[in-house]
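For reference, the structures are reproduced in the following blocks.
Two complexes, one shared chain (chain A), two partners (chain B, chain C).
For the complex of A and B:
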């Protein structure tokens, strides 16, 4: 960052304050629920409804993180289900989208424009709007109450965004590289494997991350409607188990939420290291 | 062998015809340069020869075989792209080895070939680096390496030097000329830079609007342009044009009046020339200060001093600037009237349709008998 002190990056002190104030408002808004949730997870259940309400936990502990496994014995399974569903959905999406995005980026075929438009239009419906028809479809296919019931609609609604994302990335790969490979005798498949795929890797990683997060987030609605078997339940449904008949075990619920998010965060943390910028440097010019 | 024959080749994009019937015979080992202004179709023609674009009509024949439908490799060509088109994720070694990997050549044979090519192009210290770490000239050499490693019959270059700075371009020009000499392969080179064309070519093909304007050796194009387009395209600063009227024709050429003066230009005449409106062309380097058979009074509007030369521009009353290339110390200044003169034997004459009347000048080959052998 040699241009950190470039003239264009200089601000007066009041501008700096205004910028940080703006960021602060936004960050507080986004992060406050997490902070509150984390603090709740540290409090003993009996102190939660103490009056006056104390923001900072007194004699807080991580007990809830241990007792939660006993209150809901199947919790580990729910976390696994969530990751399993998201991972399978991501793999299927990538297998379908990478060749599709390449075709949309490079080949001219009848209906390319309308097809892309249709994908964008599908994006405007969330799966929730189509839940009844999807249910009927799923029932006639006989895959209700299976993993497939949560994976298939998930994949279907994640594909359009993924295609648009990856197509845009692939358009940036210089066409001359393919022409050069063609002139050197390489087939389409060979060029795709040896030239296009390695260069599209950062784009594919971005698509993998967004798809994984998308799959993780959208499971709730599908799991709620298309699955009634406890052993296939993903995390969001599993959290309902902490809503007891008498009371809600809030501190364990919060602890469970954080434990449930953790695997996804770890995956994202590791994947983002592959978001290497400027991999195409030196290709042309 | 790398003999190429284009037979009435045309190319249309939709309704627009960009190549309008090109017929050309290129001999084995020849260095041919396609030159022309932007949009004249030179790159399209090259891509058609390469097999990247298809041919609308006509035939492309390499070594007696019609190759219209063959992919580039089967045609025995290799192409160097303007943008180099190196694979950024592969090392220099893998970039050069790419065509051989496609052929599935055995590893030791492949390594020997790539090392040999790297040595010729002085890239042997760079083989493990990525293209991103190389300078423009080195990237260019990698691109050339990828072309020569396959030992094709015909090399195609698409403006390979246009991304380099001026000094590097001059160096690479020399290297390419040397490479052509060493490989003795047929090379077709596209450029819009007439210096590259003049210096490197055995034969220049000047393209204009999808047609071949003229084909010939560099000096032939300079001394005997067949039309006004070639005359103004070859040479820098470009040729000056003045209106002239033919008054009589004789054994020693056509007599014309130009700027109120009469001169006899030694050209091949033709019938019905008398009374016709012609265009007289004179190159800036053939203009002299204050002497010559024809004299023009001018008031310079711009004077460029280059050290070795001084260029004077004058553009009053004409669309195109009149320019003269004078010695470096020529006593001229802006807004100070001066007299520019030129001789009839240096003049070119063009018909109303741009066609040239052939000059009666001998094209002197460089006389090698004068070599002293010291």
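For the complex of A and C:
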């Protein structure tokens, strides 16, 4: 079998070159901004604004990574806020989604199909479309300019995908295990907590990771609109304020961006298998 | 019978928290949007009903231009995303050493905070010192600096390219999963019969991934139509409105000028377009894979 596979997939030398050339073009498109951003963070500010343009930094140094802490005084706070907002959002999503996914995966009730469809339809709206009533809602709840204003709306738009992913996972847990538990006289809640939850843990972990990444990646519009207090700003908004200034300290801002995205990068490298499975599961049937 | 009934009650109990949450944060705001669109709501506490005036105001020439611009922007963004993403998936599906690493390296635009990736593009588009203008000058393609975000048409395409960049990883990984789910024995049978690589791709891979292509295009269409962060960070809809899509226009009207009523009317129109897309999405996906529509 694998031998046959190897023969099917054997490439002639020119095919190998063509494939690597294709991959190279694709990778350049995907990674160019990061490479350029990184090189900018190494260039001294005076070199940055010199022409003609030079790709490689002359006199490159990591100075910007030290000086940025003075130039962007709130930086540590912004990163903390970003992680805090994403963590709380993830916990709330899990509390809501785990029971709901179980209901969709295991129980037959009238309106199940349409209801699942309705949950998925939430995905078609973004916070941007509903920004006006959400603003009024946040104001009347009295949570404008708090962490809650950035967490509460975001959670709603993370729920549909999480339900779909977890339901797909739970459908694969054998029914016999629950039936055995019921036969032993276990209650529904007990079975859910002691049989289903442990078995679904790998799936819940994947959903938690993807939800966290989603919450971390999408912090912009709510923070832009519902919060004006510097001490609560997540990283993207905190840095956005600097990009609008007359004299943008590009090298330090790029350095700050890189330190800020480091957590996400670390997650990618250690958890990439779960990520790929989680992000594409349920999508392809 | 009784057990069955209690099972149904239990299921609804499990669903109740998330149902309530979505009702308050999505359903109620949706209804409120429609309600506000018939009022002159603003920053003031009180407002009154104004009938169809907000909609009347919308249907003038500039708004038609905004709608057309939104569709053109969305169309090209989705098209380019699908082409590059599928190309990437085909490349990463090849059995060459290092492909696992390349698959990991595909993810960053999607995974890192969107805004930060956009900041980096903001620098690249910078006319005086940015990479694209600089490289083009060094190669002699352009004579002087090109400030991509300063002119209408180049800003329009620049925002599309950034949107494509953010969307490509998802398309690539999704299409890669679709390509990998094609049964291996089909390839083996074709190979045994002497079919070449291109022939196998055209006759086996392509027909079998068409449903995934359609599904992904629809998902991309909906998310691209909603795209806000990219345009807001790069151009805020400018220069002189050349990148103002419906979402940006709504945000500017409502949050920028505090005209909640007029903004809400614009949001209602967006919702109508989105519902149409969503309707087609469910129609199309239920046709190509009947089990998902159950």
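Brief remarks follow.
Keep in mind that, in the parts below, the second predicted complex is superposed on the first by the 236 of 285 C-alpha atoms of A that agree within 3 Å, B and C clash if a C-alpha of one lies under 4 Å from a C-alpha of the other, contacts with A are read in each partner's own complex, and residues count from 1 in each chain.
The rule we apply is simple: a contact is a pair of C-beta atoms (placed from the backbone, for glycine too) under 8 Å apart; a residue touches a chain by one contact, two chains touch by 3 or more.
All values derive from a computational prediction rather than experimental measurement.
In the overlay built on the shared chain, the residue A:81 is in contact with neither chain B nor chain C. With both structures placed on the common chain, the touch criterion links A:198 to chain B but leaves chain C unconnected.
In the superposition on chain A, A:227 makes contact with neither chain B nor chain C.
Touch counts on chain A: comparing chain C and chain B, the chain ahead is C.
Of the two partner chains, chain B is the only one touched by A:190; chain C is not.
When the two structures are aligned on the shared chain, A:211 is found in touch with neither chain B nor chain C. Within the superposed three-chain model, A:179 lies in touch with chain B and out of touch with chain C [touch as defined at top].
Taken together, the two structures place residues 279-280, 283-285 of chain A in contact with chain B in one case and with chain C in the other. Across the complex, chain A meets chain B through its residues 174, 176-177, 179-186, 190, 194-195, 198-199, 278-285. Partner chain A is touched in their complex by these residues of chain B: 50-52, 71-73, 77-79, 81, 83-89, 98-99, 102-103, 130-134, 136, 139, 146, 150, 163.
Residue ranges on chain C touching chain A, taken from their complex, read 6-8, 10-15, 17-19, 21-22, 24-26, 28-30, 32-33, 36, 84, 87-88, 91-92, 94-96, 99, 102-117, 119-124, 128-129, 131, 133-135, 137-138, 145, 165, 168-170, 173-174, 176-178, 181, 184, 187-188, 191, 197, 212, 215, 222-223, 226, 228-229, 232-233, 247, 250-251, 254-255, 260, 263-264, 267, 270-271, 274-275, 277-278, 281-282, 289, 291-294.
Within the complex formed with chain C, the residues of chain A that make contact are 4-5, 7-9, 11, 15-16, 19-20, 22-23, 26-27, 29-34, 36-37, 40, 48-49, 51-55, 82, 95-97, 99-100, 102-104, 106-109, 113, 115, 117, 119, 121-126, 128-137, 152-153, 155-157, 159, 163, 188, 192, 213, 216-221, 224-225, 235-237, 239-240, 243, 250, 253-254, 257, 260-261, 264-265, 267-269, 272, 275-276, 279-280, 283-285.
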